[in-house]
Every structure is written in structure tokens, then in C-alpha cells.
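Chains here go by letter, A, B, C and D, matching the order in which they are written, and residues are numbered from 1 within each.
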Amino acid sequence: MQTGRPVAQTGVNVVRAAHGEFRVTDLERARTFYVDLLGFVETERTSDALYLRGLEERGHHSLVLRQGDSPSAGHLGFRVESEDDLDRLGHFCVGQGLEHRWLQPGGEPGQGRALRLQDPYGLPLEFFAAMQPAERMLQRFDLHRGAQIMRFDHFNCQLPDVGSAYEWYATQLGFGCSEYTAGRDDDLWAVWLQRKGNVHDLALMTGAGPRVHHLGFWVADTLSVLRACDVLAGAGWVGSIERGPGRHGISNAFFLYLRDPDGNRIELYANDYQVVDPDWEPIRWELDDPRRATFWGHAAPASWFDDAALCESVMTGELLPVVLPRGTDRPAHVT
Amino acid sequence: MQTGRPVAQTGVNVVRAAHGEFRVTDLERARTFYVDLLGFVETERTSDALYLRGLEERGHHSLVLRQGDSPSAGHLGFRVESEDDLDRLGHFCVGQGLEHRWLQPGGEPGQGRALRLQDPYGLPLEFFAAMQPAERMLQRFDLHRGAQIMRFDHFNCQLPDVGSAYEWYATQLGFGCSEYTAGRDDDLWAVWLQRKGNVHDLALMTGAGPRVHHLGFWVADTLSVLRACDVLAGAGWVGSIERGPGRHGISNAFFLYLRDPDGNRIELYANDYQVVDPDWEPIRWELDDPRRATFWGHAAPASWFDDAALCESVMTGELLPVVLPRGTDRPAHVT
Amino acid sequence: MQTGRPVAQTGVNVVRAAHGEFRVTDLERARTFYVDLLGFVETERTSDALYLRGLEERGHHSLVLRQGDSPSAGHLGFRVESEDDLDRLGHFCVGQGLEHRWLQPGGEPGQGRALRLQDPYGLPLEFFAAMQPAERMLQRFDLHRGAQIMRFDHFNCQLPDVGSAYEWYATQLGFGCSEYTAGRDDDLWAVWLQRKGNVHDLALMTGAGPRVHHLGFWVADTLSVLRACDVLAGAGWVGSIERGPGRHGISNAFFLYLRDPDGNRIELYANDYQVVDPDWEPIRWELDDPRRATFWGHAAPASWFDDAALCESVMTGELLPVVLPRGTDRPAHVT
Amino acid sequence: MQTGRPVAQTGVNVVRAAHGEFRVTDLERARTFYVDLLGFVETERTSDALYLRGLEERGHHSLVLRQGDSPSAGHLGFRVESEDDLDRLGHFCVGQGLEHRWLQPGGEPGQGRALRLQDPYGLPLEFFAAMQPAERMLQRFDLHRGAQIMRFDHFNCQLPDVGSAYEWYATQLGFGCSEYTAGRDDDLWAVWLQRKGNVHDLALMTGAGPRVHHLGFWVADTLSVLRACDVLAGAGWVGSIERGPGRHGISNAFFLYLRDPDGNRIELYANDYQVVDPDWEPIRWELDDPRRATFWGHAAPASWFDDAALCESVMTGELLPVVLPRGTDRPAHVT
């Protein structure tokens, strides 16, 4: 793996992973989970969608919940440095023949002009440079609730061929690799890619794909994670807790995986580390190292590998078919 | 000081300090502070009083806020083992000529028969054996708020002559001493007395008295204490924070002192230790040891020594006059 | 179940569960686990045993590790109020024909006169009234290490017939019930019994027995539990982590189960609640309630039910045979 | 104040604040404080200096302690993107007539080629692009001690004229402003400047200067800060604790200020927030807002404003004279 953060051949400056979108079948029920129990702040509600943000965030939304017939993942939103970056990316899409379309300012509520494109592996990306400000609630501690979600952190996606996708994100968009997992044949089984200076904005894992495995949200500390479990269990939502709390070997983060009422998965994530030095040397893990996924040795449940959200076509909104990987989609160490 | 927990000559079995009462001048404003911000649970509201409890508690109340013309301390409520204990205590009052009166069941809402008496030093005590059950909210984490107050822990009172009062509580009511402070002349400057098996149910400090210095409430951990500060400051109640957070040398507890809107003082208190062994050896501290009050060396503010709630007569409700101590009422180390 | 804490028909005043003993096959290796990694303080080392204590403790030991050919549980040590209590208990043993023997002062290092007896269900008990003091390390934070073990908390044992044993401990020794689990036929599947005023000194669970399931040690907070996992995993002892961290439904405590190098099990335990009121109403749980064992819904591993330490005869030191329960030894919800 | 992160007119890409240097009069005593008590990792020791790093760090050092006759601040080390950046900065120094000198690789142990320069306000800066790797101890939790220092975070300096210095750092080196304090005459009293994407790499406060007020080190969470207090007090180093723990209004960070045995000041710092968006709007605070410095309203001690480390000339090592500010050097709210 390459050290540091490579130069993007497209010339596009990606700032960070910024927001995700899930389709949910019952907006009210989803609101109970995300707002009442987990403590997301509601910025705006339209007839068919909720726009939520974390306590630290100063923009309109970092999570979109859109009414749909079945759960799935909408777009993965990345913030770029400027409007020029959007233009450069538009040219690139035309040149490469990538499916894409433009959204005018406000086409997505609270957001400036945006470009949606399907990456060569099927992931539904969105890029934008401007977002409408919203009140930052960081120091309104009296209004903090539940897991005290601070901000969006990262996307984690499953793809049948991680190696090619890694090359594309590194070369075209300048993503740097912080850590990676080598498969049993020394192939690239998973990779953690970053732009914003912590462990990742985007993780790619080998699996049936394209699928969005989870959206990762930052919380302030380990206690916020424990409180999320207590709050969910106390309210009778114990079935939402899928895996954790625990510490990841990879990333060192303290984590918890939750399933929303439609089965969409989010991660609460705290305490990873800084990756800003240009000579950062990616950290290698072996797939079957028992401390890799959970540093404390706990096996992940099979559902964690089996289930993930299907992706939408950015052109039609239809769900994309899934391709199985040639190699294994999980470590030996699964319950 | 005597080791362990002495036998009560009255034959009365005191179980624990159980609830306190403050007079407040504005019940609504007090409710905002105690319920909305700190997270007490409201059990009952009458025309002139609020009955509150902590999240762990299974009885009707551990804090009574009663409308009054000026702030002050009402009774200090202790739970005894049985109704027989109340009778024994009644006989003792008669024999000793202590001012006292009986409350019939329900005379204090949610409480059984009770005996109120003025101790020889002026403190307004109440003893009872039965309290009406209330829903325990310990595992309704989804409803926990603010400082997440768990339960009542202790009373702290100022008296001009701590030595005599210590003798009375130890001899007549069987309180054991966990820790104490020796004054500059080797006199007893302050004493921490317990029945329930942790550091204290009742602390007595040298000062103008009789006054109730604070009511101490138990919280689950240090993070609850930090959160209380954040919540109060976030809501614009920064003036409520008087001292701390910090660790006490005495008791080892993690503490925070707050003033309610009327200036009545409570302590949030976590993480002291177990004192159940009969051969417990009281721990001695010197008044001017900089780690005694705050283990980290911080000086307490002068207000912490100057201000405390006047006590009511259990017979008339009138406020008792205050007597100054002959010796010093504070360590050298005060801001 | 009976409310409160019953009167002991033997007249014996049990203060608390005080210390446990494991046989280990390699004292050095056990020392690494308990002292270097978990942070127990070593008080004394003899040719064949280690005497350890927690940071808060002021007595000679709360954990004895004794060299042996195979892992097993030695005696379960309870502290009583006075030497008279020991005599009363000796008479009781004679009257009931219970196997027992006396240890002279120092017969167990650091301990006064003691009575060892086999309870009617096979558990190897020890009672004592005096222990040699040791330096209390509570405020030597600079020397705290690992999980920062504070003090001994409780024993948990498996027996084939919990109902009878509960009657014996309640009636003869005055143990009160804080919580219990009802089996599928409404029988008593498990019971949490206390003397010292928190959830338990002794828990009895239905299972192959007599066996000692674990020794429970108190830690100051949830963070100490997480740190224990990190320290063990960081040192390459990830195999020691058997179950948790998590929150118990029963007791509300935050827990972690560890296996020492010989497979003996200890629990790190924090944040339960106070049980000192005489009218305490035992809390009932159904065996198959998913929040009972782990409030967050996690299934316990099968090993947690299968494995436990065999008990020694207090007369011969030989390991006692095990009897299977008639009913089930585990909930439906096990990995 | 300008939004986002401006373009550096020098063309130099500063990655982050990377390490600081203090002169200490007794290396052994300093080692006790920094390594034994706070938990820094020692990388290298020469005859007259110690090179320390945090647990998360992968480079040779982030703190240099150099033997000297009196305490003072050595250089403030910034990492740049590449060797070309160093050359650009060298040209800039020549063009501007700034005092500067080159260090060859290894001239500072463990470091590549470096440029030292005195900024126009007297601060002794160092820039480098390469550092020798060292073992990262992040997941060796078994070796973590004390405050569990993770990494270097920022410099805080006092200058008599903050406004000019802000212009220079923003314009020439591309520092963005996250927050600032307006003085009583609406002048710029203090400014928090960043390159690495959190609140600051460099803070400038109005005061007698040039002086280095403190070096800020990142810790994982609030509990690490509390533990630092406990460890220092437990070891008898209570005099090292100058201010805090508390939460800053500015930056929202949880903080603690410590003085080393020579009086040099460091800050332990946790839980600030992400500042990577190009349209970041600097947050304004008024100098006398009681929640500005400590969100909970606590006044800072006078020593916090009075004391700071003198700066060395990068050419001669001599201490630079100090100039007083025209305006006030502190808020109204000081003990």
C-alpha cells in the first residue's frame, strides 16, 4: 500500500465524507430511533424525508432518512473544497463515461449544487461544496440526549473486488490508506481510506456488493457508547443492538453497531487517532487475527457479514444487483 | 475516635439518612433546577411542596422542596428499622426532655408514622420506618436526564461544638466514625458518621450553627458529575456551580457543590468506599492538609464556609439562632 | 421470596463475603495475571500461596491463590461480627452434624481464628472475625494498575437445588434476597443474597454442583472494566476475556468475566445499587427474559454455563463430586 | 476574521504543530514528572536531553527536555509536507530578512533537515519534513501509565500584539482561525489557529511576550484528565496542578494545566471538535464572558496569566526580552 495521501489525478479536492442517506419504510418509527433515542437533531422534515444532524455539526444535515418501500442506501455524500472541484469532477465523469447527474442548489434541501455519480463499482456517490448553516448544539449540553451523536464520520461499503476499487479511490480521488486487511492469499481484503485526517472517510470490505454496510457516526467518548446501549435497552429497543460495544483492533476505535427499525446499520464510533502526516505507513492486519476486528477477541455475529443495504442507481433510483466475491467475505472467527 | 460502629444506648436501629427538605421561595424555579436540569424524578406535587426522588430509589421521596418566605433547611429524615424503634426513640425524647412531636401516617405525604425531634445541638431530625413505594427508574435509562441523580446519600451540618455532638450521635444513636479532621489544637474539627456502610450518613463540621451545610446525593460515576456541570452551563445556570468538580481527600469521593436558585446547597457525590467491618479504624486528617478537602490541592471558596441553611424548629417552624464556634471555621487554604 | 433481611436463627451475624481462594497450577503465571495485569496488590507470598488484596482494602487478603495439581475452588471466606459469632456457629455445626474444623489464628496467614465448614449443599465456607491490617492503597493512585481492583464483592455458586439452599442461607444465616430468577416451572432458578447492603454477597444459580462459578471483585467504574479488556488484549492475554463487558439486567451492574490461566473465573463488577432498607422487595426476573443476564440482549457463551470450579472438602481437601440439576442449567438464549 | 483556511502566500504547506522543547534544570526530576507520572514514552536520552513521545505517536519525539540553567522554551516544531516546503520557507526568510539557520539531518536527534527561524514577533519556530519512526504504543495498553498522553496537539503563546501576528500566520503560512476572543475595545485579544483540522495548532493570546504559555497534549478522554490529577496528588505532586480540570468555552475541550518541576506549563487536552470545512466561520467570544475560558464559570488563577516561558533566540540561544501589551492581559474574572 502507498504511504501518505496520494495526489488525486482528477484534481478534485475531497474534504471529507459528509452525509449518508437511508430509505426507511416508516418515517415516524425511524424518527423515534434516531432522534428520540440516539439524540440526532432534526433540522428539517419534508413530506417524505427527515434531515438530521449531530450535536457538533454546523450544516443542514449529515443523515437523510427518506420514505421508501424497502430499506436501502441512497447516496454517499462527500464534501469538496470548492465549486471548481465539482466542475472538474463533472468533466471526469464525461471523460470516463460514468453515469452522473447534476442537482441544482436546493435540489437536496439545505445543500448547494451537487453532482451524483455511480462509481465504477456501483456505489452511489454525491459531491457538493456548500451547505446551509444550522445551529451548532455542541455546548447546549442541556439538550443532548441518548448517544449524544457528534458528527458524521465515515462510510463502510462491501464490494466483491476491493483491490480495484482501492486503486480508483486512491488514484482518482486522492484517498490515503490508514490501515488494511490482507486476505488469506495476500490479496487486499479490506481497506480504510481517508481524506479528513483520521482513520477513515471510506472503508471498503470484501463482500457481496455493491452494498453499504454502515454509516459511521462520531461520539465523544466510550461512555456515550455505553449510554446508547442502556438507553436502547431501557426503552425496549434491545433488538437494535447488533454488535459491541467493543474496541476495534483496526482503527483502535471504540464501537457499537446498531440496526435501525428497517435493518439499516449505523456505527457509533469514538477514539480513533490522527492520520495527517504525509509519510503515514498503512498498518497491515491479517484477516484471521482474532484481535483485528474486535481487539478483545470477540467474534462478530454472522449477520454483520450477511446483511447490508442495497445501493440505488443515481439515475433511476432502482436497486442495483449484487455480485458475490470470489474469495471469502468473512474471517474464520464468526459466531 | 472509636473503631467500628458503636451500640446505640437508646436501642434505636437507624438504617440510613433518607431524605432532606429545603424551603424555597419559588417552586417552579426550583423544579427547573432539580427536575429539568439535574434529573430528579417528581413523585408528587402538592399546593406548597414538591416530593422528588432519585433514579435508583423505590420510595416516595428523598428530597422535599417546600414553598417558604426564605430559604432554609427543614427536617433531616432518617429511616429506622421498625416501628418499635420509633417508640424507643419517643421514650428517649421524653426522658431527655428533647423537643419532639409525632406525625401520623401521611402527615408527611408518602410516609408512615414519624417522629420529629430537635437534637441537643439544634438539628431538626425526623425518624420514620415506612415509606410508600414508587416506581424505580434505575433501568429506564431512556428517561435519565442531567446529572442522573441516583439516591440520597448524606447530610452535612455545621455546629459550633462538633465534639459534643459526635459523642451524642455515637453513643445514643450508634453512629460509627469513618474519618475525622483534627483542628489545630488537636480538637475534633469535623467528623464523618455512618450507619449504612459507606463513608457517611451525617457529617458534622465546625462552624456557625446549627446550620445544614448541604444535602449529598449519590451519582453513578465521575462522568455524571462532569455532565452536571456541562448541562448547567449549557442551560445558562453557570452561577449554580460553587465548587468542584474534584476529588475529596476525605472520603475519596468525586464531588461537586451546587447552589439551588435560593442558595440552598447540594453535593453530587460518587465513588466513596465500603465501611462495614466492625474493626474499622477512623482515618485522621489535619485541618490544614492541602489534600484533605480537595485531594488535588484546590482551595475551597470562602462562600463554601460562610453560607449554609438555617434550621427550623421542629415545634414552631421558626428559624433557630446561630452560635459561632470558639475555634476556626475553616482551613488556612481558602480562596 | 421474603422481603428485607431475615433474622438468622443461628444468631450469627455475618458482615460480608470477604475473600475467596483458587487453586492454580503455576503461581508465577497466576501472579502475572492477577497482579501485573489486573492490578491486585500482593500482601504476602509463601512457598505455595499468594495473598492478594484490592486497592481499597485494609485487610491482609481478599484473594488467595494456592499452588495445586489442578484448578479448583478453596474456601469461601465470610467475615462475622465477633468471636462470639464464631462460637455460635461452631455449636450450630455440632448440633446439625455439619463437617467442620477450626483454624487457629494465623492458621490462614494474616487471619484470626476461623471456622471452616461444608454447607449442606457442599460449598466450602470459612468464617472469621479478625484480619491483620494492611496498607490501604486507595489514594496511592500513582501505584494503581490495570483494572484497578477495589475490593472483593461476592461469590457466585452453582448448585443442583437452589431452592433448598436459599432457605438455608436465609433462615440460618440471615441472608436477604435482592433479586431472583424464576425458572420455566416457576421454581427458583437463581437467587442473589446479601448481608452487606448491596446486591449480593452470595449468588446461587441452578447448575451442576456444588461448584464455584466465579469470585466477583468490585471496580470503581465502567471505565475500569473497559481498561481491563484493553490491558489484557494489549498484553496478548485476549483469551482471558470470556464474556462482556456489558450491563447485567439483574443487579444493573456493569460486568466482565475473565478466566485466569487455569480457567478459574472472576468477575469485575461495578455500579450496582444499595439494598439496606428492611422492606426491600426482591426483584423477579424470568429465566428467558433476554435482558435478564445481559441487559443489552447479548447471549452468554455456553462455556459460561458449562465451566465452573470444583469445590474442596474442608476436611480432606479432596474435590467433591458434582450432581446435575433436574431442571435446565441455562436460559434459551446462549451462543 | 476570515472563514476557512487561507492560502499561504509563501506556498509552504504546514501539516501540523509537531513538537515543543523546554529547558529544565534537572533532567532526572523532569523525567519523573513526564515519564513516570504522566506516562510519556522515552525514545532517546542524550547527555543533556530527553526525547519523549505520546502513546499514539509514530515519530521520534513530540517533547524535548533539554538541560539548562533556567527554565525556558526552546523551539516550536512544525511539520511541513515536503522538503520543497522547507526550501520555499528558506527563500522566504532570506527575502524577509528573518533570522534563521538550517539544521542538518540528525542535527536534532531523530529528525531530518530542519529550518529554525524567529518569527517577526519573536517566537522560535522550527520546520521539518521527516522524522525517524518509533514504535507506536497505542495498543500496548498494558504499558500505558498516568495521564496516558496520546500526542502533541498545540502551542499557546503570549504576544503583546496578537492582531499583527494573526495576520502574518494567516497570510504567510495559511493558518485558519477556528475561534477568537474580542477584547474590550473590539480588538483581537486572542486567536486559535489551525492547520491539521481540529481547533488549533497555535493559539496566540495578548500578554507580555514573546513567551510560550504552554504546550498542549492530547489525551483520549475526560477520564485521562481526572486520572492525571489523582496520580499526581497520590504521588505527592499536588503542587503541579495549576488549573482545572474543567471544560473550556473556547474549543469545548476538557482541560488541565500542569506545571513541571521547573514551572514550565503543559495542558492536557481532550474532546475538541473537527474543523476541516473550507467555509468554517470563526466563533467569537467576548473577553469577559464568564463561560469563555472555563465554561463552568470558574475563574483562572492569576499565575495562569502571569507566568509563561521566555523564548530563546534561534541564533544564539539567549532569552529574548519581553514587551508588555498596551491593553489588558487578562479577563476581569481571575482569582
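Note that in this section contacts are C-beta pairs under 8 Å (C-beta built on N, C-alpha and C of every residue); 3 or more make two chains touch, one makes a residue touch a chain.
Being a predicted model, the structure only gives us computed values, none of them experimental.
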- Given the touch definition stated above, what is the smallest step count connecting chain A to chain D? 1
- Message: Let me check something: if the centre of a chain is the mean of its CA atoms, which chain is farthest from chain D?
- Response: C
- Could you work out how far chain C has to rotate to sit on chain D, using CA atoms and steps of 5 degrees? 180
- Item | Inter-chain centre distance, chain A versus chain B - centres from mean C-alpha coordinates, in Å | 50
- Message: So the centre of each chain is just the mean of its C-alpha atoms; given that, what is the distance between chain B and chain D in Å?
- Response: 44
- Please report how many Å separate the Cα centroid of chain B from that of chain C, as a whole number. 33
- Message: If I count partner chains per residue in chain C, which residues reach a count of at least 2?
- Response: 139, 222-223, 230, 232-233, 295
- Item | Residue ranges of chain A touching chain C (in the complex, touch as defined) | 222-223, 226, 229-230, 232-233, 238-239, 241, 245-247, 254, 290-291, 295-298, 335
- Given the complex with chain A, which residues does chain B contribute to the contact? 37, 139-144, 146, 223, 227, 230-235
- Within the complex, chain D is touched by chain A residues 15-16, 56, 58-59, 79, 81-82, 130, 133, 138-139, 150-151, 196-197, 218, 220-222, 249, 252, 271, 273-274, 276-279, 281, 295
